[in-house]
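Two complexes, one shared chain (subunit A), two partners (subunit B, subunit C).
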Partner chain A sequence: MLWLIARKELKEIFRYGVFKISVLILFVLLFISLAISYSYNQYVSTLHTKSEEESRELWDNQENKNQHSAAHYGIHLLKPKSSLALWDNGIDRYSGAAIFIEPHLRNNTMFKAVQDSPMLAKWGEFTPSYIMLYLLPLLIILITFNMVSREKEQGTYRLLRSQGVSSLKLLAGKTLAAWIIIILLIIPVFLIAGIVLGGLAFLNYKSFLLLLMYLLYAGIFIHIGVTVSTLINKSSVSIIILIGFWIFSSWVVPKITTNIVQNIYPSPLESELKRQIRDDIEENGIQRHNTTHKNTIAFTNSVLKEYNVDSLHKLPFNFNGYILQAAEDTNNLIFDKHYANLYKLYEKQMRTHEISGIVSPFTLVRQLSMGVCNTDLWTHIHFTEATDEYRKIFIKTINDDLIKSPYEPNQRFIRSKDFWKKVPKFEYELPGLQLFGQYYNTVIAMYLLWFAASLGMLLFASKKLNSKQW
Partner chain B sequence: MIEAIDLSKIFDGKTVLNNLNLKIEKGQIFCLLGANGAGKTTTINLFLGFIKADSGNAFINQLDVSKHPLETKKHLAYIPENLMLYPYLTGLENLEYFTGLARKKYSQNELHEFLLESGLQESYINKRISTYSKGMRQKVGIAVALAKDAKVLLLDEPTSGLDPKSGNEFAELLIKLSHQGIAVLMATHDLFRAKETGTHIGIMKEGYLVDTFPSENINHSELESLYINHIK
Partner chain C sequence: MVRHIIYFEWKNIIRNKAIIWLVFTFLLILGLSIYNGTSNINYQLENIKKCKQDEQQRFENLLADIKKVESGELKVNAYTNPKTPYMVGGKSGGHEIIKMPHDLSFISMGLSDYYPYHYQISLRNQQLFSFLMGDDRMENPVNQLNSNFDLAFVLIWLLPLFIIAFSYNVLSSEKEQGTFKLLKAQPVSITRILIIKILLRFVIIIGIIAISICLFFSLFGVSIVDNITAIINLLSAISAYVLFWFMLSILVNLFNKNSSINAGILFTSWLLIILIIPTLLNLVANYKYPVSTRIEYISFVRDATCEIDNNPDKVLDKYFSEHPELGTRKSENMPFWVYTVALKNKIVEEVSDSLIMKYKSQLNNQIEFISYWKYFSPAIILQQALDKLSGNSTNDFLKFQAKADEYNYKWRRCFFQKILKDELLSKDDVLDLPRYSYEYEKENSIVTHSLFILACCVVVGGLIFLRKKFV
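What follows is the complex of A and B.
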């Protein structure tokens, strides 16, 4: 019986001119968004690969020079692009794509697409996820808003009930029809577009997880659409309620939440953070290049005392390298402290943002989509932390070599190409589902709860319909 | 086949149906006459289970409607005053859908035959309902009753608004169905059609069934006088 009801709904829906035009528009927009994302990603990927290769090549092929001077030439580390970034570029355009590694400093990411990019990148936000998360619910509303109210308005509902059809079966059949349409739309488009643009690498567990999330999101809107259409007798009122919910969930709640979060937990300006770190280092760190600084003098004296010598020449190692590494170790603790505070602040912001998921499934799926696509804040932090770990190893490798070098204050020790190549390369892989599970368990639970609640609403609507006298 | 025992319904404190007792056997066509608000549609709705009785019982094929709401519907077909079908589907598709809901399976040819039997022109069978007249939609309703193999037919002013030719065709169909053993309860304002079609006539006034008699015992003018006297 369910299939019978669903099949009739499908026949009707496929014959609506409005539906055909809407699907056509959606497909055109989807393919435009894919083309834009593809072009943008190609541009960014080429830039990334080229920049990373060139940066390492420059490092490896440096002329002979002092290790520490070489370190100051630095190296650029590029954030790899996930194959799913094509679908959802998340915060990538705002967070930056590369970090410059150098001694004494922990730099922030650079090459932020929103700051300096060609016009093409300005379109970067029009991604397939935008279509899936913003526009697909509109199509679902168009399909479901009058599914039941239309029966009541055109008078077929009494005839239906006279056939002995229970409300539950009727709603289940109609819901099934909406599901079939959405599955027929989403799955082929997702797979074909994904494979065409991302190759077979696109077919991985993450893309299927993303697909599942989009389907659940569509399901929430389907269930709410059928519920409202059942409880409201007039289709004109039903569509206003559903579009109102869509605007509230997809536009109003995210904007309000962002403002509230920024007011409760304001993010420090980048310049302010840098100033705080600089002041902390000035107060508590070691500044190798400022030999008259009180901490530098104190450290030098403590080393002399520890080794019971009266001159730096008499130390069993190169003091220049030793103090450089000591400055790194001390200052890294300061960097780590400030960045840990910053991440704690981000976490508070995100947790507060999660609360908005109680009234808006959009804010939940948006976070999950970015999480699976590795374009979220946590992936970005994972990358910046990995680069900082690498920075520590990179600098230590150079300083350790310097420590073993003869100590000649007026003569700098020189290294050649062979040494540069010995410095380990930066190896980084985007995090898997472990990070996703770690940060999104509450969001996942809330999301599943929304889905279950939407099913519950459907059951409630069927009971109301059953109990109503006609 | 159709039976009401002390059936009553109250809406907002007003008794709209008062202790209705009625029995319609196989092959009978019972026409309920009465002014607007007399309780005709309420009676039909109670047999359909669309509303719940405040007291008494309604039976379809010996089954209590309130206790077996889904089971009783398997045995009945219903045609309202203005039968609305799905405008984007053809007559055949509408028939296929409603018979399917009644758990009856037929081939396309069999469904085609039901529509022809109900008097629908062949050229309209595969056209969308949006192109149908009211009379044509009523014929699809009859085809549903035929295909469903209904034992009971409940009609709520089915000939209202039909042109004389369509009204006659509809009446002939009803007589044909009654000859097949279907019990028919028809609420109507049409005295002429009630006399011509019905085997029995009942007159309702303010929720009471005030009179019942076999239609063969009365001619058209007597029926008209009786009706006017009752509803004064």
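What follows is the complex of A and C.
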């Protein structure tokens, strides 16, 4: 019986002209977005690798110079692009990809791609996930909005009941039909496109997780669609309710949440953050070059006292290097403190976004999709933290070398150029799914709850349908 | 007769509970969006105030420090001497130019989400050119991805949906209720009835928007009288946009389909005009005119400055021998790298022109591409109109950037010779320095935009005419 209903439904949907046209348009859009997203991704990732290599090469090929000048010459690091980013570019356009490593300072990532073409950025980025998360639900609404209400409007519902179909079986059959269509549409396209663009390496657990996220999201909409179609007797009202929900969930809630977040937990300006750090360092840190500062004098005296000498020349090491590294060590704690505060603020903001997931499954699925594709906020923070760890090692290696060289007050000591190559390289790999377990537990739980709730709604609708007199 | 139709229609509308709910929801989100916009602007103003306070504090400290050094009260070294041109031009005398938001800036956040509204005029800028500078925000990128719930969003995205919900079944509902035949029996033609029905709804919607906007504006402290031209402009653009959607609704209703198909067709148009066309345009513009990412610039600059980075002494000596007016080279008052950086910046300025030109011309190509294709989506036209009205349009920010670059260039020129000549500045010198500021020219006229939207209306009107003629 179940299968019979599903087959009848499938036949009807496949004969429905509007459906065929919509699927065609959706596929065309999906292929356009895949192709362009792929070429953009290739371009960016080669550019990033190339630029980082060039930067390192320039570092390696420096002439003889003082270690500290070399440290100031610095090095640029670039965020690698994940291979799944072609499905969901996430926040990558808004986060910046390059970071400059230099002493005394912790820099932020720069060159946000959105600044290169900001005119229509507000309208969204046309990646495959845009189609999966924004447009696919509309196709589902199109096939489900009148699934049950149509039977009532055409009077075939009484016929169905007279055949002895239970309302649960009826709804289950119709839901099954919608599921079959969505699975037939999504899975082959996802796998074929993925393998064509990403090779066999595409077939890993991350891709399947992404596919599962998309399927569950489609499922939520299928269940809601059938439910609304059952509870509302008029098709024209049910389509308005469904579209209203779609807009509310995918456009209104994320935006309003953003405004709420910005009101409760406003993010600081970069200049404001730098000012706070500057003041903190002025108060508690060591400024190497400001020799008249009280902290610098206190530190110098303590070192002299510790080694029981009266002049910096008599120290068993190069004091320039020693105080540079001491300043790094002290100030890094200050940087770490302020950045930890910033990340705590982000975490609070993200909690608020999560809470909005109670009314919007879209918020949840987008976070998960970005998370799987490694284009989310946490991956970005993971990268910036890794660059900062590297910065500490980079500067320490250079300062340690300076400590070993002879002391001159004016820092005129010149290091021969073979040293530059010995400074360790920046090795970084995108974190995979380990962040996923750390940050997305609640999101996953809420997402599964949404799915379960949508199934529950379906059950409720079948009860309701049963109790109604026809 | 016409009076009767209007009267009955009016009764119909106000007795429809769904419509009353719709209007109520619309007013709620309109108020919410204006509140969001004003609180965003207030945050901007707060930050601007902090910047100004910090700037003034630094300047006062500078003058005080110079006084102390001149009286011998304060001992300084090359790194801390407040009188060096590097300290004055960088840390302590550097100042901000600010693009102040105006009364109506909250209408559309526009590009203010991505571009900074203040630039530092200083020798200490890590980047020499504004196009390389960030947006001076530590904003959570997820927030930027979602962007704001501002008035522009409500008007462009949500208002058409309310219009659709308000008008998708003006004719089809008559048919479904069986009153269509009665209407046909009247001495007035169906088209005329349809137009009257739609016109009445148009007037109601515009009336609600006009009154509520004026009310909310004054509620959030925006003077109506002072901004009357801007508000009239705003309302005219909105009216044109609303008219467009109502005409589309007439056109769809004329096809005599049932209500749910009407709703489907109208929603699909919404989808096309608001979701698909703009995002596709964005995609194509990016693909066709890829703005060479600024990452390439890093290697470019490093290549150009390779010589001075590796042999600063040699290059500085060479520069002095080529420029005898600078005298003999001394470098005592400031740390050695200051001289190097000053010269290095000059070298970068000289070689960057071609790259900046390339970047800007690609950006301009994109802008032109979009302004050429925008006629396919009245939504883009309205967005641009609202951006312009609120002073957050692309053009406004590019102008501001150009000024920032000009001032920064002048500022660097002002200190370049002083640094190489190893001069120290006195208090009077510091007070004589230029201090730049930015005056934003307010533009209220968005008439052309409204006209463009009206042109879209005319196209739809033409289709209505054809439909009437041939069916």
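Operating definition for what follows: the second predicted complex is superposed on the first by the 458 of 470 C-alpha atoms of A that agree within 3 Å, B and C clash if a C-alpha of one lies under 4 Å from a C-alpha of the other, contacts with A are read in each partner's own complex, and residues count from 1 in each chain.
Simple rule for what comes next: a residue touches a chain if its C-beta (ideal position, glycine included) is under 8 Å from a C-beta of that chain, and two chains touch if they have at least 3 such contacts.
Just so it is clear, the model here is predicted, and its values are computed rather than measured.
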Query raised in the report: Does subunit B (first) or subunit C (second) touch A:Lys11, or do both, or does neither?
Result: first
Query - Partner chain in contact with A:Ser55 - subunit B first, subunit C second, else both or neither - result: second
Requested in this report: Would you sort A:Tyr94 into first (subunit B), second (subunit C), both or neither based on which partner it touches?
Outcome: second
Query raised in the report: In the superposed arrangement, does subunit B or subunit C reach more residues of subunit A?
Result: C
Report task. Kindly classify A:Leu160 by the partners it touches after superposition: subunit B alone (first), subunit C alone (second), both, or neither? Result -> first
Report task. For A:Arg351, decide between first (touching subunit B), second (touching subunit C), both and neither. Result -> neither
Requested in this report: Go through the superposed model and pick first if A:His104 touches only subunit B, second if only subunit C, both, or neither.
Outcome: neither
Query - Sites on subunit C touched by subunit A in the complex - result: 29, 32, 36, 39-40, 43, 47, 50-51, 54, 75-77, 79-80, 111, 113-115, 120, 126-127, 131-132, 134-149, 153, 157-158, 161, 165, 168-169, 258-260, 263-264, 267, 271, 274-276, 278-283, 285-287, 290-291, 293-296, 298-299, 302-303, 306, 309-311, 335, 337, 363, 366-367, 370, 380, 383, 394
Requested in this report: Enumerate the contact residues on subunit A facing subunit B in the complex.
Outcome: 1, 4-5, 8, 11-12, 15-16, 154-156, 158-166, 469-470
Query raised in the report: Which positions of subunit B touch subunit A when the two form their complex?
Result: 45, 48-52, 69-74, 76-78, 80, 82-89, 93, 97-98, 100-103, 148, 154
Query - In the complex, subunit A residues that touch subunit C - result: 18, 29, 32-33, 36, 39-40, 43-44, 47-48, 51, 54-55, 58, 62-63, 65, 69, 72-73, 76, 78, 90-91, 93-98, 100, 107-108, 110-126, 130, 134-135, 138, 142, 145-146, 235-236, 239-240, 243, 247, 251-252, 254-259, 261-263, 266-273, 275, 289-292, 342, 346, 349-350, 353, 376-377, 380
